[in-house]
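Think of it as A, B, C, D and E in the order they're written, each chain with its own count starting at 1.
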Amino acid sequence: ADPLVAYLVGLGDDALILAQRLGEWITRAPQIEEDIALGNIALDLLGQARVLLSHAGEVEGAGRDEDALAYLRDEREFRNVCLVEIPNGDFAVTMARQLVFSAYQYELWTALRNSTEPLLADLAAKAVKEVTYHRDHATQWVLRLGDGTDEGHRRMQAGLDRVWPYVAELFAADDVAAQLPGVAVDPPSLLAPWTAYVEDVVARATLTVPTPTWHSRGGRRGLHTEHLGHLLPEMQHLHRAHPGARW
Amino acid sequence: EEQQLRFDRMIADEVRIEPRDWMPEGYRRTLIRQIAQHAHSEIIGMQPEGNWITRAPSLRRKAILMAKVQDEAGHGLYLYSAAETLGVDREELLDLLHQGKQKYSSIFNYPTLTWADMGAIGWLVDGAAIMNQVPLCRCSYGPYGRAMVRICKEESFHQRQGFEILHTLSHGTPAQKAMAQDAVDRFWWPSLMMFGPPDSASTHSAQSTAWGIKRFGNDELRQRFVDMTVPQADVLGLRIPDPDLRWDEATGHYAFGAIDWDELDRIIRGDGPCNAQRMERRRTAHEEGAWVRDSADAYARKHAAAATT
Amino acid sequence: MVTATTPRPPAADATRLRDVAGAVPDPEIPVVTLDDLGILRGLEVAPDGTVEVTLTPTYTGCPATEVIAADVERALREAGAPRVVVRTVLAPAWTTDWITEAGRAKLRAFGIAPPSGAGPVAAPGTVALTLSARCPRCGSLHTREISRFGSTPCKALWSCRDCGEPFDSFKAL
Amino acid sequence: ADPLVAYLVGLGDDALILAQRLGEWITRAPQIEEDIALGNIALDLLGQARVLLSHAGEVEGAGRDEDALAYLRDEREFRNVCLVEIPNGDFAVTMARQLVFSAYQYELWTALRNSTEPLLADLAAKAVKEVTYHRDHATQWVLRLGDGTDEGHRRMQAGLDRVWPYVAELFAADDVAAQLPGVAVDPPSLLAPWTAYVEDVVARATLTVPTPTWHSRGGRRGLHTEHLGHLLPEMQHLHRAHPGARW
Amino acid sequence: EEQQLRFDRMIADEVRIEPRDWMPEGYRRTLIRQIAQHAHSEIIGMQPEGNWITRAPSLRRKAILMAKVQDEAGHGLYLYSAAETLGVDREELLDLLHQGKQKYSSIFNYPTLTWADMGAIGWLVDGAAIMNQVPLCRCSYGPYGRAMVRICKEESFHQRQGFEILHTLSHGTPAQKAMAQDAVDRFWWPSLMMFGPPDSASTHSAQSTAWGIKRFGNDELRQRFVDMTVPQADVLGLRIPDPDLRWDEATGHYAFGAIDWDELDRIIRGDGPCNAQRMERRRTAHEEGAWVRDSADAYARKHAAAATT
């Protein structure tokens, strides 16, 4: 398989699955502003996913468009990291995941602005601006919850604890990226700046960086949590129920 | 008194009333009630469409739907802000909604059972909403009128997208076309009810008209909606579910069948398919979010205090 | 409507067609045109008469982009273009700096504060700085942000502490 | 459409959808005995559903088997009452739903033992025994929760309140049944014995029979709650993802 | 003392120890630990399969799977009862599980990612479990041995169903066959680990053997399992994911590749893909069910009191 296709699909799936999870929040958020904010972030991620998956389909050259990739692959063919597929939990869990992921994407897109693959570089230039907002949004909430009420603090710490086992996978060395020097970013190289940013936020929020006893692995190889198998039926059902239909 | 005279003159001259202007208490209360109901409708109205975000059949449609629901939340916030210029605050209004003391549009108490409902809501429900709202752009109260101008523009965009969803379905597979027709069958009559009871049975109307809040009767707007919509149904290739519908040469309008006002009454009383569900979702979101809002408030107080010391 | 002999637009017609495309209104904020927003990046007429239009989306996920493309195509066809190809390019990334002075004036008149200042500051450890938006109604800078994200992805919701007016503010990007 | 097919599908869908909901409890029940009991009841209902849907397919004569009917119909084609599709809620909500439904099925199958349609009569003879257990199980729990702790009482009353709006639909006059004299049971005829049984249980449990302000309608005409549209993707996904496959 | 001598003689004569018989404390503790771990494995083992009940691809398979998971719950209850004959009660044992102080089989810390995993679990995991459990039917402790007889019968039925699922898939569409192969690829090595570390590294074994609890070494059982399973894979038309696997004429057994014991260690330490999830589900079910159990207890007390007064 073409590593570029795999790389694009991996990044695209991250964005797609997280957009799907954030979409579940809409009409359930703690305040209307957050219905909007989470919807907005989801929309940005969906936009990234569409660009990445469309381009993956073009490079692959087998006639698959963004919808074929999003709706007609099975669980084992998805290449997202496990972090994005875990259930939303309460608002603190979602904000912990947002902090982790948006700070990761911030470093990722910043680095990919120099990708030798033009589409990635173009998308990165655009996405880094969007993700700056996402990261700021998550940062503000981690601060407000961590350094607000006792309940906020307790829940926010629990949120960090819940998502931290999924962090290491984001920065694990990746076969696919290794085959694409200049095009892709080496995930371990993003860890230091990510850590600097996130640890600062966690400290300012009077919270503790968790030290998890276990770590997710293998999302990029299609080894997911059991949660993805419940997300995909909901996402894909209608499309699959009408084979070949246009929408 | 003088204030009242000045107010009456402004209304008569179609000069807009602004937040800092004096206004009669009844005018203020009427506006608060109407703007709040409108804002609540935007917020509750997110639910029937939000129900399909996770299941949209293409990524493009998912993006459009997400953006639309977000628009509705934005319109809701916008309208709550407009209401706040009249001296209430959003929390009070939300409490009144949650306690069932203020209403939202009954149309949102119908379930969205298939994807085609996203089309029917855009085409019929947004279409009826726009028909109701365009006259409000000239509302005597400035902030509300100006809000409506911007909201109507965005709603037109939504209506166009709804039409496009139905058009795609009605020109798609037989199953898709059947889905589109079914959605129109279910949403047609409830859309006509959105204009409210017949003028003969409508309360509030006369005073609202005198105050320059309401500009047209319910029946007149309903007729305009039917006249606008029926030819669009032809373009869509979909059937309006009304055996009595026909063009009346004499009046130059479409004549249509009798509306089941009992159904509207029942739904307004709370006995609609989704009233309980919509309210429960709203209350649950609010209650489960209380700790989040509390923590944000505590943080703000803490840091405001820190900044001033 | 199909005429028997569709006249092939001469290459010199490119300027006229560019004006046609640039005058297409934004579907969500129809008081401004594509030219006002600066999202029409180019228009070329190929030797065979095909009109190639290049657009850039305001946001990657902006669902209006496809509608805009369809509107441009229709407007150009009505203006006599026999064949229209609309391409969406991400680079260079659109920025609110590309909104023209005329566009800013129209936004203001419509009640939307045009973009000013910058987005959130990226450096870690600093408080994100957002400049105050100017009330498009009374011109006051005594305003507050109600929601960072507004009804459409490109806007935030503000309200004026002086005249009370709630207003959308175009986010700086 | 053949009213017999519609009647069989209606009863079959009731059993199928409730079996699906009860299946969601497994590994989540308050004690292991209840994982077993709810699984057992689900299994009985699934058995009823299979007999009913298979027979409906045969009578219809269009080549649809039980799986075609269960997995390849869309939401609007399902004919179950809304009661069975509402989310499980807590254990009290589920037990309230079980009391309502099993007491209804007890009367239904008791009456259908005299159906002139042989398959229905045969199934009824067997099902009434199963349902006797289901009803007893629900009864015991309504008593234990209603007349146990204060929290149990409060939750059990809330459970009754949650499901009672869906009761009237079970006993609403039904076009389809009306076209099948001797074969089908007239739903309103089941109301009196059902009420006698259920009101006695509720009273013994020191609870109050709710008087809901709204009522579900239309499940038998395919007008469902929005919940069914989230249940079906999960249930049907795999089957639909592999068109024509055998399992 | 005399009791000890009598006990030793019973063990030597293969006479079964019964609950009322005297037994050494170490024997009792070893059995409690082993039976509890076995019971916990049945209960936790419901989760990977329970995960597919709502998604089973045919009604027949759904019924079979439901019945199987229910059997596992039944086995769990049965085993907790066997442990209770040794003077502990189920609540204590569940608490130890929930606190992480007693273990369950590591195999259940792998996720079930596709339907074919239902087949692989039945064929490989239940197959390995049976291989481990059949000797326990002769366990010196009566209640445990008799429980195992019953359980092994039902497990054989499950294994056969798992084999049948894989057989159907491997003779189905290419996608189904790929799904089956993928499941075997993922479950093969973890199944071999189910027999525990190599005898050279195994603790407890010698004493358990002396007490008539354990009958065979881990490596011996593992070899038997491989010898039994490899020919079945041929029947299924599926590949065992081990490049070193070959028939060894000299030994009359299949030789197989090196097992990644680090992986097993990691999972036993808690760093497996689903450890946290399995425990969380179990604890949540227990905690959220507390009010139900409490109310049932209160009801029982109330009505017992009423019956005696």
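Note that a contact is a pair of C-beta atoms (placed from the backbone, for glycine too) under 8 Å apart; a residue touches a chain by one contact, two chains touch by 3 or more.
Since this is a predicted model, take the numbers as computed values, not measurements.
Counted as hops between touching chains, the shortest connection from chain A to chain C is 1.
Looking at the partners of chain B and chain C together, the chains they share are A.
Chain A and chain B have Cα centroids separated by 34 Å. Distance from the chain B centre to the chain E centre is 58 Å, each centre being the mean of its Cα atoms. Between chain C and chain D, the centres computed from C-alpha atoms are 54 Å apart. Residue positions of chain A with contacts to 2 or more other chains are 32-33, 36, 39-40, 43, 46-47, 50, 74, 233-234, 237-238.
For chain B, the set of residues that touch two or more other chains comprises 55, 60, 63, 66-67, 70, 73-74, 77, 175.
Residue positions of chain C touching 2 or more other chains, listed in rising order: 61-63, 146-147, 149-151, 153. Pairs of chains in mutual contact: A-B, A-C, A-D, A-E, B-C, B-D, D-E.
Those residues of chain E lying in contact with chain D across their complex are 43, 46-47, 50, 53-63, 66-67, 69-70, 73-74, 76-77, 115, 165, 168-169, 172-173, 175-176, 281, 284-286, 288-300, 302. By the touch criterion stated above, chain B contacts chain D in their complex at residues 51, 55, 111-114, 175, 182, 269-277. On the chain D side of its complex with chain B, the touching residues are 74-76, 165, 213-218, 223-226, 229, 233.
Only residues 18-20, 60, 63-64, 66-67, 70-75, 77-78, 81-82, 84-85, 142-143, 146-147, 149-150, 153-154, 157, 160-161 of chain B touch chain C when the two sit together in their complex. If you check the complex, the residues on chain C that touch chain B are 27-31, 61-64, 66-67, 110-112, 137, 146-147, 149-153, 155, 157, 159, 163-166, 168.
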